[in-house]
Every structure is written in structure tokens, then in C-alpha cells.
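One chain, subunit A, appears in both complexes that follow, with subunit B as partner in the first and subunit C in the second.
What follows is the complex of A and B.
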């Protein structure tokens, strides 16, 4: 059974169609990134999946349930983190929020404590347990929000902009935790984000939504391939080298430090890393190389452009 | 699945309310100031009764003691309701803060979560003024005490609290539609509280009908009080005082309808 299933899902607001005949399904254990511009319909979709908003028409099932009719049952099996709004009790120590949420999910006290301990340890939040939520830093609060959403061990974790406003280190820790949680518990992930790093690190599938329509559904590599985005091969050479201008299938982007580091862009469809590398190393001594994946925001922009919108 | 006892069913709400109480106790100084503030509100309300009866002996068929009883019963019911569900008319604030969406993703009914999301303990100030007034009124008034009298008092406090709670709930439901609708709904909640404090005989008939059958605040204090004190009012016979639970039910019927309409609207239109 799919964890999420939508078919011809439509949601109209007064004059605009926020979600337009959206059809997709998410299987248990998948990690899906849901991306698109502001106002593309991401939050509206999430609200329909969780029973906050009523669809104008079409079909939606979350954990096999109708979110409108069985909202409470859906809430038992889904954890939701809204990046910009809190699930916690700001005026009490963090520890209390977990106790209250445990009661709300009708967990008994020992299992609430046990689960809290596990999450707190994994998220390294021990020192903050006695701190009032309003005094937590943004990074600490987001980790607490995620722990709160996972307290009842949901099958599906929905994250709406989980890393918004976080510093690099906080983002990193959050992603590492989510990767581990998914590996250990098999939790299905659906996340909306503007941060393409989230998608690269966390998701094995991407849905791109544009003006309420599904513009792309597939893997990240496939997404890059679809719009012909170029990957970049960064080659560090042993000696200063003239520009590598004659590599078949590749174009020189930049040459630094008298040619010690050169950046070549190449089309993943036309050639391979191995071919490019073989060509270069047959002439010069290569010391190191890295591959830069295409910037996904750029990719999304291309998708929009391809479908004739901006 | 094992049988779920009532106590287990209520545990989330108990924990929520206890947490609200704990949060308020953390700011002791502001808590004490708040209580003093609501004592002040109670006293100001009482001053109005005092001033009137300083000038006249009888108003609307009630003497000072009877008016004091009406004042006490209505204030007791109102401050109890205000303490438990008075924050419902703050709904727009909850919506703006995204709190309502957070409620939707928790496995409890929305209204029950909203009701238990706050517990205004500071209202005990006004509550204690009402309790003192009630004690004074009951000891100084000429009452023939019986089991029925006691039952009537308890019944009217319970029903009165239920009626005001229903008004707050209805007001909350309407806030889903109204932009800054608190001004409008205050007419029924705070206005209802004011009307409940008065001898219903001072109102012209249309208003009296309104406060009896539409927004049934006459049942909160005046109707039980005339029954307890055995005061002659052809439009409020003693048996009517036993119908306060019916009035509460009616009020809750309307409140439930308003609430359902409101949440439908919210899910339909979006926050």
C-alpha cells in the first residue's frame, strides 16, 4: 500500500488554482523532495495530505486513509514539522513538550520517556532538556521540532522547510540525523525545501511542482538529465598546464593557478567522467578530481522555462 | 484493543491543563498582578450594583440582596467559563500564529485542543469576588433552605457556566469567518454577561425574549435567583428555574453548529 496517493488532486482558492490535477504516489520507505517556487502549491498539497485543507476535487489518501474524514487517525501515523511554526510549548522547559506530546499521542509514560531518551541522544539535545523552548536557538528548536514530530514513531514524516534559516553546521547535523533515522526506522520522508542541499543529501526522488502542476517526477540525476544540465569535473594537475581545450565532449569553464586546477563542464548524456579523465590523464598527471553536480535551483528554473513559464 | 477508561481518555487534557497552570506559575510576580487585576474587574462590576442600590431600594423587582445574588451567580458562571474557554475568542491570534494547523496534525479533536490550550488562572480574582458576593447574598437573604434550594444553586452555577462556555465557543466558531470579529462576538459574550447580571424586568419585552430564548443568559442568574428567593415575576415562574440545563443544551446546540460551520470554512478557504 502506498503511504501517499493522490489522483487528479485539485485545490482552488478564490481566483487561483493552487494545485492542479496532481497525481503521484509515495511508497513506504521512500525519501521524496517536493520542490518548486514560492506559491507553486507545495504547502497546499501538504495541508491536503494532513487534513488541514479540503481538496476542491480529486482523490487523496495518506497511509491509506482519507485525511478529511480520518484526520485523527492520520495524525497518529504521520509526523509533521512546519519550519515556520512550532509544535512545542514555548513557555515550558523542552522536556515538558515531549511529555505533553506523549500524552496527546496516548503513549504511556515509560515509553514516552524511552523514546524521548533515544531521540534526545541522537539529536544531542540533552543539555537543552531543561531550557525553556523560547530560549532555544533556531537550530536547537528545529532539532526539537523534529524530535517532537518523531516521538510517536510515525510511518511518514512530513517536513515543510525544515532547514530554513539554519546555519551550515545545524543543517548538516539535521540531515545526518534524518538519514540515520530513515535507515534505522524505515520512515518515509516527504520534504519541501528551498535548500537544494537538503534534496541532494536526503532524497532519492524529486517532485517538481510548477503552478500547481507536477512538472517532474524522478531521480535527481534524471532531473538534471532531463533539462540537459551539465556536470562539472574539477581536475587538479601535478604541474601548471595549458588550457585543456581539446577534450572531446567537454568544455573548459575555468583555469586557475596557471592551470593547476581546471574546470570542465560536460554533458552526462554525451560522455562520461571516465572518458574525460582518461583523455586528460593520457597527456597530463592528474592529482585529484571532484565532480560538481548541477545547481538544482538552476535546474528547476530550466524546467520552468521549458514548460514555458518563468 | 483493551477497554479505554474515561480517565485514560481524559489524560491528554489533564496533562495539557496542568502544563498551562505550571507555565503561569513560572512568572509569579506577573501572575499575582494579573489576579489583582481581575479582582479589580470583579469589584468594578460590583460597584455598579452598589451605586444603583445606594440610590434606589428596589430595581426591576429586586432589592439589594436579590440583586447581589443575581450579580454573584452570573459572575461566578462567567468567570468559570472565562477561565476555561475564554481564550476561544482569541482564535484569529491562534490562526495567525499557525497554531490551528499544529492542532490539526495532532490526534485530538480541534475544539478540545483549543479549549485546553489555555487556562486563565488569573481569573480566580474575579471568581473569588463572585464567591464572596454569593456567600454574602445567601446568608443575608431571606431564604427557606431545603435540599431543592441547594440543588437549584448548584444546577444554576453548572448550567450558567455551560451557557457562557457555549457563547465563547459560538464566538470562536464565528471568528473563522470574521476578520477581527471579536468586536462583534463580544456583544454576545461580554454583552451576555452584562445582561445576565440584570433583573430581566428592566428590559423591554423584545430584549427580554432575546436574552431568554436566543442568547439564554436570563437562565444564568435571574431566573434561578427569583426561584431561590421566591420573588414574584409572572414571566419567570419557579419551575422555569429547573429548565436551566435545557437552556444550556440549546446554547450548546447553537455553539456546536457555529463551530462546525467555522471549521468547515477554515478547511474550505484555508488559513
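What follows is the complex of A and C.
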């Protein structure tokens, strides 16, 4: 049974159609990135999946339940984090929020404590347990929000822009935790983000939504391939070098400073960084290299352009 | 039920973190108690006799129980739910496997508890030291008075909850909140005992939920209402508590269907 299933899902707001005949399904254990421009209909879809928002028409099932009519049952089996809203008790120590949420989810005290201990250890939040939530930093609070959403061991974790505003290190820690958590618990993940790093490290499938419509459904590499957004290998060479035009599977994009820095684009499905590098370094001395990933906004823009909008 | 109790405790602790506010509230309640007691005693003295069943010690009890319950019963209302509707944070409440009304009621009972203990009872004791005050005449009065206070908290919460939920339909509910405060403050018997009202106003008050928020528990605790009358005083409160809670559920359901959470 699919954990998420929508068919011709529609939601209208006054004059605009936020979600337009959306049809997709997510199987248990999948990690799905849900991307699109602001106002594309991402949050609206999530709200309909979790029973906050009533669909205008169409069919939606979460964990096999009707979210609008079986809100409480859905809430027991799903964990949700809205990056810009808090589910914690602002003026109580963090520890108390976990205790209250445990009670709300009808967990007994020993299992609430045990689960809290595990999450707190993995997210390295021990020192903050006694701190009032209002005094936590954004990074600390976001880890706490995710721990709170996972406390009742939900089958489905929905994260709406969980890394918004976080610094590189905080993002990294959060992603590592989510990877480990999913490996251990097999939790299904639905994630909206503007950060390509989130998608790359966490998701094996991408849904792109444009003006409320599903514009793409497939793997990340497939997405990059579809729109021709390729990875770029930037190679710094020891000496001025003629254009590297003959590397198999790669195309020269640009050559700077008499060929001291050259940029090669390559298709991740046709070749690898290692093969390109091996080819180049067998002929020239390579000083440094960096890889530029396709930018998520760029990918989305190309998808939109391809579908005649944008 | 365990969940409910934990939420009550959370409300208690949440509000107990603001100790200075409790102290300030206690001080204000005491000062106003002193002023009100003096004014009402002067009114009694000029009348030369008990008014509407209130002699001097009963009047003092009316004033000081009123001051004690002022912070306990949420007469002036709260804005938390309204704000959460406005900002869209109410969505988070719907993501929990509990009824939002019950969760907020539990929190409010906790708030009432800390305000009674930390603010109301100290003010009452101060009043009792300074004035000759009537105490509940029997154990039955004490016990039914406690139940009546609990019901008063529930009635005030349930009424305010409905007002807060109007934010689903109205952008700004400040006007309605103000109207509720002014009408409620008068009709609940905070300024003057309801039995002192002119007939027409007393009739209006008695058909409204407001006396259930203050006048009824005070009457029982001051010993003005005793015996069988206690049953009808508490019965009216039960009626209002139940009606307003049911109304709240209906409005909450309608609001949820209407919900257009703001902010994408």
C-alpha cells in the first residue's frame, strides 16, 4: 500500500488554483524531494496530505487514511516539521516539550524517555535539554523540531524547508542525522526545500511542481539529464594548456588564463569524475579541481521553460 | 485523561515561570481590593442595612473573593488562539492527535491553578487580615465553592475560545474582544454584585453566561447562597460550560473547513 496517494488533487484559493490535478504516490521507505518555486503549491499539497487543508476536489490518502476525516489517526502516524512554525512549548525547557508530546501521542513515560534519549544523543542536544525553547539558536531549535516530529516514530516524516536559514555545519549535521535515522527506522521522507544539497544527500526521487502541476517525477540524475543541467568539473592546471577538447564523455565549456583553468561539463550517467580526471592527469599536471553541481533554482527554471511557462 | 492532566501541568509550569508578573498581579489585586472594599462598605453604611442579602462581612467576602478569582478566571480573555489563527500556527495544533479545544482548556486550567495559588489566595489572605470577612459557612460550601470556581474557569475559557475562533472569519477581532470584556466585566458581578443591579440589568445578566464566571462561585464562598440554592447555582454553571464548549467545537470544526493557512 502506498503511504501517500493523490489523484487529480485540486485546491483553489479564491481566484488562484494552488494545486492543479496533482497525481502521484509514494511507497513506504522512499525519500522524496518535493521542489518548485515559491508559491508553486508545495506547502498547500503538504497541508492537504496532513489534514490541515481541505482539498477543493480530488482524492488524497495518507497512510491509507482520509486526512480530513481521520485527522487524529493521520497525526499519530505522521511527523511534520514546518520550518517556519514551531511545535515546541516556547517558555518551557526543551525536555518538557518532549514529555508533553509523548503524552499527546499516548506513549508511556518509559518509552517517551527512551526515545527522547536516543534522539537527543543522535542530534547532540543533551546540553540544551534544560534550556527554554525560546533561548535556543535556530540550528538547535530545528534539530529539536525534528526530534519532536520523530518522537512517536512516525511512518512518514514530512519536512517543509527544514534547513531554511541554517549555516553549513548545522545543515550538514541535520542531513547526517536524517540519513542515519532513515537507515535504522526505514521512515518514509517527504521533503520540500530550496537547497540542492538537501535533495542530493537525502532523496532518491524528485517531484518538481510548477504552478500547482507536477512537472517532473523521477531520479535526481534523471532530472539533471532531462533539462541538460550537467555537472561541471573545474580543473586548475600547473601550466598553460591547450583546450581539453578530447576528453571522452565531457565537453569543454570554457578555458581561462591561457588554459590554466578549464571547465568541463559531463553527464553523470555517461562518465565519472574519476574517469575524466584520470584522462586529464595522464596528459597534464592537475593542481586543483572543484565540482559545480547543477543549481536547484536553475534546474527548476529549465523545467518550467521546457513546459512552456516560467 | 493522562494527556489532559499533563497539559494542565504544562500550563501551570508555563505560567509559573513568570514570577514577577504574578507578584505584580497580586499587588494590583490587593490595592484594588482595598479600594473596592472601602467604597462598598461606605455604600452599605449609607444604606444603613444589608443590600440584596449582603451585610458588611458578606460584602467584604464578595470583594476579596472577586479579587482572588480575577486572575484565576480568565475574565479579560486571551489572544493566543486568535494569534495562532492569524499567523497560521493553528496548523500545528491540527497536526496533533488531540482536540485543540481540550488541549487549550487543559493549558488554561493549569494557568488558573498557578494564578489561584500564586496570586489569588495571597490577595485573599491579605484582605482577610485587614477586614472582617465572612468565610464559607460549612464544608459543603467550601467543597461546592471549589467546584464552582473550577466551572467558572471553564465557562470563561469556553466563551473566550469561541471569541478567539472568530479570527477564522474576521481579520481583526479586537472590537469584539473589547465588547466582551466590557459587557462581561459588568455582568459577571465584578464591579457590583449582580443582586444589586436594577431589575432589568439583573434579568439580562441572569440570562447571560457571565455570572457563571464570577458571581456564582463568590456567592457560594461568601455564604450568601446555601443549601438547595447551591445546586441551582452550580447547575447553571454546568449548563453554560457544556453549551459554550459544544459551541466551541462546532465553530472550531467550521473554522477548520475554512482554514486558509497564511504564508504559502
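Keep in mind that, in the parts below, the second predicted complex is superposed on the first by the 259 of 310 C-alpha atoms of A that agree within 3 Å, B and C clash if a C-alpha of one lies under 4 Å from a C-alpha of the other, contacts with A are read in each partner's own complex, and residues count from 1 in each chain.
Definition applied: a residue touches a chain if its C-beta (ideal position, glycine included) is under 8 Å from a C-beta of that chain, and two chains touch if they have at least 3 such contacts.
Remember, it's a predicted structure, so these values are computed and weren't measured experimentally.
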Subunit A as common anchor, with subunit B and subunit C clashing or fitting: clash
Which superposed partner A:75 touches (first subunit B, second subunit C, both, neither): both
Which superposed partner A:38 touches (first subunit B, second subunit C, both, neither): second
Touching both subunit B and subunit C, residues of subunit A: 13, 44, 47, 50-54, 71-73, 75-76, 78, 80, 82, 84-87, 89, 91-92, 96, 99-100, 103-106
Subunit C contact footprint on subunit A (complex, rising order): 13, 38-39, 42-44, 47, 50-54, 71-73, 75-76, 78, 80, 82, 84-87, 89, 91-92, 96, 99-100, 103-106, 132
Footprint of subunit B on subunit A - complex, ascending: 13, 44, 47, 50-54, 68, 71-73, 75-76, 78, 80, 82, 84-87, 89, 91-92, 96, 99-100, 103-106
In the complex, subunit B residues that touch subunit A: 8, 11-12, 14-16, 19, 22-23, 26, 97-99, 101-102, 104-109, 264, 267-271
Partner subunit A, residues of subunit C touching it in the complex: 2-3, 6-7, 10, 13-14, 17-18, 88-89, 91-92, 94-98, 103, 256-257, 259-261, 263-264
